[in-house]
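Here come two complexes built around chain A, the first alongside chain B, the second alongside chain C.
For the complex of A and B:
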């Protein structure tokens, strides 16, 4: 059963992929990465799970959240766009500096928020297609 | 303030939805708060705006792009705003009781307030394009409201018809508005109207522009021959019918015509188009109303007729006509809206809207009877109602034309208006007598089994009482409420002096004659109905429209089969060769080759050669292998090679994205091919193989050419420098990401929106058990309409 190896790989790889996605999302503005790539990584992680544990498992786990997630992503992106209305206009970049003590300063801006929206839309979009396509074509379930 | 009010209305809907209004008995009063606030504010502006002040407001929502929402509140906008907010207040209260504990109430409120926002924006907007956006907003919400009851097939069809007709008209109108903007050199309505009318009328593009704009206005305001969508829209919940399809939305077309009246009214085309279309609509609607027995259908055709009256009046560039339009709009909103609401209460109380089954309701629900009497008499135009005043001015218009020497037009208009007036009287009396006062019904009589509570009837009564009081408060209102909008329609200040009693003028005598004819028609109503019943079936606009739509499907099917019908290789060849063709065309047109400066000095490095060889090898395997899996894996191989090339050219972001996309598409391909049953592949005939080879080579050369073009000197000025210079200012180190989420964030926003739409569409597509050929479309539709997906059913059974 090849799925045995996959299940083992899934145990090891899936958490790593999720962490990697978060890292990509956070560092994305300055290093390689970003919301789009992080979304693809999350989709890959779910793909791993689909292959290892079957599409039903993943569908039961996250199926109902996919479309709401897409909607939430879009709303977050729009929110980030509207956020800057008083500062200069639609989708204008606004940045805040939050001192974290010591020399560390957290810079967070509306583009960051926008990136999170992109991330949610992309990850849910690709995952939903993977789930739909991996659904058995006939009425029978595996 | 105007923007704030728009925002208030827009936010009320979703907020109410979250509050789950169906759980509260008197939720309607809470919902009515925000439109009441808007109404109050507008009333407070009445003296100032009536005095000629125009309130302007600019909301710059994107200064960086120079985009702003311009709002203008002049007399006409104020009048429409009052109708929208005032009737909206009554509708909000009414809907709370109409839906009772129906869970749909929250959704209804959300749509209602979104509609209110769109409609208010439409009449306040000073920019042609903003007006168009709001215009489309009202169409879409109308569609959602008509199809409110998803299980009702008629509702879905009516909604689709309404959306297609008004949407088509609006597309034409967009073209017209753009032409208007080009001709006038500005998209600001107030700036356009400030120019002399000759600027537009003498322009060579005036005729197409006017026809396109009229198309939009006529489809929206249900003018002949587009009137059929309005009766079909009656499947909407009654509060929505009363509000959208009688009092406000259908008057958007009238509003646009009234707004553009000062600029266009001097043209011949304007006059004849409006006069004829309006006149035909007026008569057709009034006659058809007598044929129907459904309360809402009668009211719908009566609305069509009244809209015809307004459009016909706008044909004239005349002071009396302008005042008549203003009065007509207000009077109609104040009697037709309540009559729809009365029909809704009757439906609610007895379970039917068929007047053959109704009788004696005035005794059962006296308050409702009072409201119905006041509203019907106003619709009939009997003295001393508001409707009488409006009709009197309509007739007066034609008499003043006759006096001015326009004998033919004046006489024709007078005859049509008098006939329509008689028909108005006839169906008003039918509506009043049959359900409310006669003792017994001819059909199986329906009884009041669910008497409406007093607060349910209250908003209806309030509206009719308002209509009843206005004729006695003319002195206080005529200057502020009537003169200012009439002045906006005419484009010049208007003096309005109205009175209920003018003496025995010719108009009054004509009015009396019309009433007499109407009473005769009413008394002989059974004969009239019998005479009208055998109208030919094919003369039904909705049927013709459906046939046209079916024809469109047939054309689409034919063209698809013709271009892409054959096998997959043919489809792919057509697509790829089209791309090659377009590129060749543009290359020869612009002489790109001659301008191209290529630098061949760079030598290929060792690993580049290795990668290229790998890619070629993989491509070769794809073509030669017999196993699908190895073909797919080789395809992935090509992708990985490309990824590696990105890495060598230090584009880590691209490489990362390419690699992830490659992995995902690879698995997707495997999943898709897993579903397709295995087939034996026979070797292709030589001729076809050769053809495929030729096409492949062409496409390969095309790809090579593209690469050369991209590698050569840039043909256009590059903006990469701007990006690299400003990337630090944008608080980022990764230029790709900064472009995605900051510099070109609008593009990304569009892309993720498309993604969500594509996801929903793909979801629906993959859920359908299998795609059915076009000829069997109707079966699919019925399956969809019953609300059960066939795929689900079979799966459940298995």
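For the complex of A and C:
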């Protein structure tokens, strides 16, 4: 059941929520935030879409990608855990410094990778959860 | 033998990778995707079996303990993974059952039912494996939750009202037990300031007696409820007969035994004196569990309900082993524990085989009811199934030369040695009643006249459904015939589980927070 006001509002809010999610994901390494919270924010954005445009719209848009996204997130998280096997052991944190020219150095570590995995799992899982909950009760069963 | 401790992470990592790959392969219900998921599940359960056997060879046969400090943080500050003989035996059994179950599920589930069954099974495997290697109380709780969630979805996968009903009872009562467990964990942390099991074992002697009694009691309630002990077993018969037979088979073989493992791990480690002081209590619980289970089995009338009540009665025998763990006159102390562990080994294999066979009978005939006019004549209709059921049932009842005979003999020896005549008598009576119940199943379900019920249109793939049962029955028989090495491993596992100082030394908790060197944790 599309709503006019919500449909207008979500054109403004949805991009902001996605950007916010990425910000949370990146700052989460040192400050409040992180993969779990960013995943929840993404799910909120999709919840907005469900309310504004109906659950069928969202299901057609992203429905088939949800389970593979969870799988990909888990794979990334496990990859970050086994990545450090030669350097110290399972789930040991390792960092790489990537020079970006000038004084800038990008320091990226396996915890960030783990966080990205968590982000993908949580966003896909909570979204699929919301999609199932918003399925009309009289609709045909899967 | 010097082994890389990172192998301890493998029983958690491999099932998770398998589950993730199967999720990657699933977009919508198609024949091809279910096939991909099957292949992945078969592959990763076999890998997991290999890893588990390797860990068994290091710990139970090599008589070592393995410790992994995750992320190189020292013991009470980081996550500790730990395996000794007890953990490795449980891991190996779990892996064996999973391999058999994956193939059994291929034979019995149709494509629609099978969708996402295999990733959930791998998540369940990860939770169970994690509980067996967890080295601290909180991670034990977390892995209990992982397996609870996976098992809840598996229970209600078919979506029929009965299944949702059973699933709800299961999840509510188990969440209640988890709440008690979590509350206990909170009390432990608040009072002792640590959750690492080795650190707790080192510190708990300084705690006041009242606190230790409280913790031991609360943990007994939490694990006892998970294990299906009297009087907290009622969730089990309410839910185990509703899902698909493949799900019942793995639950009956595996899930209650995670609670038993937790009791076997925590009690000798944290409350060794209570094993002596509470012996009458533990033995009474064991006796009541055995009796209630076996009487319940006589009162119900479908094949899977009968077998689920036997799960309860058998759990009583294992707890009897725990109750006798600290006593010994002629036999060495710890013989009871070894007999209990041996009983777990026997039970997990045989019970899964029986539930698989019962489920296959139910699927073949379209009904599991034991009254006249429903099941019957399976000897003629499916002779191979009848043979494996017969062998498994007699192993459960404890007829030589099956593993059931040896494991019951071990428990009986310990009970007589500890001069607990009454529990010995109870276990013998329950054994007899189990035999009667098995004979009833045989007569009503398999031997009787061929009933002219209309079989369901889709019968299970006989070869794929019966081969895993035959494998399990063969393992049970070989454990019974070549019981020497198996009992020796159980004794190693029991002595390791009862040796607190060895556990503390292996984990080596410190009070200083400093990353440990690479050499200390190769």
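What we mean here is this: the second predicted complex is superposed on the first by the 137 of 142 C-alpha atoms of A that agree within 3 Å, B and C clash if a C-alpha of one lies under 4 Å from a C-alpha of the other, contacts with A are read in each partner's own complex, and residues count from 1 in each chain.
The rule is short, and it goes like this: a contact is a pair of C-beta atoms (placed from the backbone, for glycine too) under 8 Å apart; a residue touches a chain by one contact, two chains touch by 3 or more.
Everything quoted here is computed from the prediction, not taken from an experiment.
Within the superposed three-chain model, A:125 lies in touch with chain B and out of touch with chain C [touch as defined at top]. Within the superposed three-chain model, A:67 lies in touch with chain B and with chain C [touch as defined at top].
Of the two partner chains placed around the shared chain by superposition, neither chain B nor chain C is touched by A:15. Of the two partner chains placed around the shared chain by superposition, chain B is the only one that A:30 touches, whereas chain C remains out of contact.
Touch criterion met: A:75 reaches chain C, while chain B stays clear of it. Which of chain B and chain C touches more residues of chain A is settled by the count: it is B. When the shared chain is aligned, chain B and chain C each come close enough to touch A:92. Touched by chain B in one complex and by chain C in the other are residues 67, 70-71, 73-74, 78, 81, 85, 88-93 of chain A.
Within the complex formed with chain C, the residues of chain A that make contact are 64-65, 67-68, 70-75, 78, 81-82, 85, 88-93, 141. On chain A, the positions that touch chain B within their shared complex are 28-37, 40-41, 43-44, 47, 51, 67, 70-71, 73-74, 77-78, 81, 85, 88-93, 95, 107, 109, 111-112, 114-115, 117-118, 121-122, 124-126, 128-130, 132-135, 137, 139-140.
Of all the residues in chain B, the ones that touch chain A in their complex are 60-65, 67, 652-653, 656-657, 660-661, 663-664, 667-668, 671-672, 675, 730-734, 736-738, 740-742, 745-746, 748-749, 752-753, 755-756, 758-760, 762-763, 766-767, 794-795, 797-798.
In the complex of the two chains, the chain C residues touching chain A come out as 5-6, 8-9, 13, 16-17, 19-28, 68-72, 79, 159, 518, 521.
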